[in-house]
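Each of the next two complexes has subunit A plus one more chain, namely subunit B in the first and subunit C in the second.
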Partner chain A sequence: MSPRQLLLRASDLIGRPLVTIDEGEDVAEVKDVVYGTADAAVLGFTLNRRGFLGGPMREVVAWSDVAAVGRHAVMIADAGAITADGDLLQDVRASRRRNVLGSDVITDAGQRLGKVTDVVVLVDERPEVVGYEITGGEGLKPGGSGRVFVPLPDTLAVSGEALMVPAAVSDFVTDDLAGFGAAVQRFRQHLRTTS
Partner chain B sequence: MRRLSATVGTKVMSSASAQRVGTVQRAVIDVPPRRIVALQVGRDELVDWQAILGVGPDAVVIEDESRVRAAADAREERALAGELDWKGKRVLSDLGDELGTVTEVEFDEGDGAIHSVGTTTGPVAAERLHAMGSYCLVVRHDERQAATSGE
Partner chain C sequence: MEVAVIVAVVVVLAVLVLGTVLIQRRRRAGGVISVETRPRARERRGTGRRT
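Showing the complex of A and B:
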């Protein structure tokens, strides 16, 4: 993976072409992001065929076989990065039962912050989910649009029902993805110094 | 150094017969080795770079008519179909960022080596060229060009 860090909404990745570095061909496109079971890691992508005959592919691509995630394309070394075997297919099946979109985010003080509408991924050496975009939250700081980014602790248990976050999170909510990376860091620092 | 856009459209002459054998339609460029390997001189006709004696402002001169040949493999057929045309091709860095489209190719008329590629976000030196496909031209990431392409 490239040394560059990039904050992305998971929905922004969907539909992005998978391009081979060795041949310059768009061999597939991202159908969905596959998340880990135990932690907030990003494991890889499920794929769709390109073009108007497009449809879901049986093959997947593991994060370890992704060369770079850029602003316009996901780069792989060659078409061999796309595979129909390996552990990732198991993870794909498992992650279907843990869709967080639509889940309520509730603080440990019992306040409902809103509903998850998107997942924020930090693309890095080891990409991870660092936050959620939520809507419908009442009483959240930036207000206005009703759509805000909520940072996640670096360890988080995800159930199918709801997402429990520390109450202090409401101090670190932002409505701007560009400033969100700093908010995540401050929030995690805050959790470390207060626990 | 010569611009590909200026060479496309020039007539192709046979040195042996002094007769016109065609017109330059497009160049077949391989990355690697980052050079023109052949010119398309007619509907389904190619001339290898080795058979070219000179590329000048008014004509491309080849040894003789017998060096005109048909496409020999799938990649050449794709090139003749226009799938691998450079002009207008999307440029993508190896980090997955788009850098506009190709506007020009500058090459050495002596050996056919690509010198640089003009794009809508600035020139790309030949050393950065990585691969050419039907979807895009893949180039090595460069901080300076990334800055001028408005990232």
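Showing the complex of A and C:
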């Protein structure tokens, strides 16, 4: 992992304010993190209005319009980055809007690993979903907390209501987010050498 | 009698406020959504049938 890359939980992004660089205005907040099932690329965010009484917005912001993801805010150049048009909104409307949180993870050998409690995002020039945080995994090794991080391959397989991962993943599970980037790289290298 | 009416009004208001708070929390609740991406216009240009 290069120094410019950053591993984040998706839940760290949810609720973060969206701030414009030109006026420093707090224009919305992140509601959902949206990613593509084909290549796990993070596509953008759906939004809530600011404030407790602010409900969901029909507009979205595409990742290509995000200037930076900071510790306390997601930065966009100006309010024009929030759009009610464009490919992301069409994809969100056309899809089943499946919320991954709470979904079961099973291996391609048929073993149920647990339920997704969070998603790990590698923030980079091309951000992608690189892992799931799951609980309830009975056959997984690390951790006394019952919460582990499961790395994902470059391409995702989605099967009905469950999320599918290769059976070899159980050797690369970790309970430490700091070392998770290395686990993802080892896992993907393993898949390349064995395929 | 008056006390009973006041208590009833307070209870109804409390239920309404609680319901509003719960509904609003549910509306605002976020998640991680997976979507099926469709071919973009720029990509579609290069996918014509070859003869």
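In the analysis below, the second predicted complex is superposed on the first by the 182 of 195 C-alpha atoms of A that agree within 3 Å, B and C clash if a C-alpha of one lies under 4 Å from a C-alpha of the other, contacts with A are read in each partner's own complex, and residues count from 1 in each chain.
Just so it is clear, contacts are C-beta pairs under 8 Å (C-beta built on N, C-alpha and C of every residue); 3 or more make two chains touch, one makes a residue touch a chain.
Since we're looking at a predicted model, the values are computed, not measured.
**Q** Would you sort A:58 into first (subunit B), second (subunit C), both or neither based on which partner it touches?
**A** Once the two structures are laid over each other on A, A:58 reaches no partner at all.
**Q** Of the two partner chains, subunit B (first) and subunit C (second), which one does A:46 touch, if any: first, second, both, or neither?
**A** second
**Q** Between subunit B and subunit C, whom does A:90 touch in the aligned arrangement: first, second, both, or neither?
**A** second
**Q** So, A:192: does it touch subunit B (first), subunit C (second), both, or neither?
**A** neither
**Q** Name the contact category of A:26: first (subunit B only), second (subunit C only), both, or neither.
**A** After superposing on A, A:26 lies in contact with subunit B but is clear of subunit C.
**Q** Applying the document's definition of touch, where does A:101 land relative to subunit B and subunit C: first, second, both, or neither?
**A** After superposition on chain A, A:101 lies in contact with subunit C alone.
**Q** Give one of first, second, both or neither to describe whether A:126 is in contact with subunit B, with subunit C, with both, or with none.
**A** Neither partner.
**Q** Touching A:36, do we find subunit B (first), subunit C (second), both, or neither?
**A** Second partner only, subunit C.
**Q** Looking at subunit A, does subunit C or subunit B touch more of its residues?
**A** Looking at subunit B versus subunit C, the one contacting more residues of subunit A is C.
**Q** Which partner does A:10 contact after superposing on A: first (subunit B), second (subunit C), both, neither?
**A** In the superposition, A:10 contacts subunit C only.
**Q** Across the two complexes, find the residues of subunit A that touch subunit B and also touch subunit C.
**A** On subunit A, the subunit B and subunit C contacts do not overlap at all.
**Q** Mind listing the subunit B positions that touch subunit A in their complex?
**A** Residue positions touching the partner: 92-98, 130-138, 141, 151.
**Q** Considering only the defined contacts, which subunit C positions touch subunit A in the complex?
**A** That would be residues 24, 27-28, 30-38, 40 of subunit C.
**Q** Please name which positions on subunit A make contact with subunit C in the complex.
**A** 10, 14-15, 30-38, 43, 46, 48, 52-56, 87, 90-92, 94-95, 97-101, 118-119, 129, 158
**Q** Taking the complex as given, what residues does subunit A use to touch subunit B?
**A** 2, 4, 17, 19-26, 67-75
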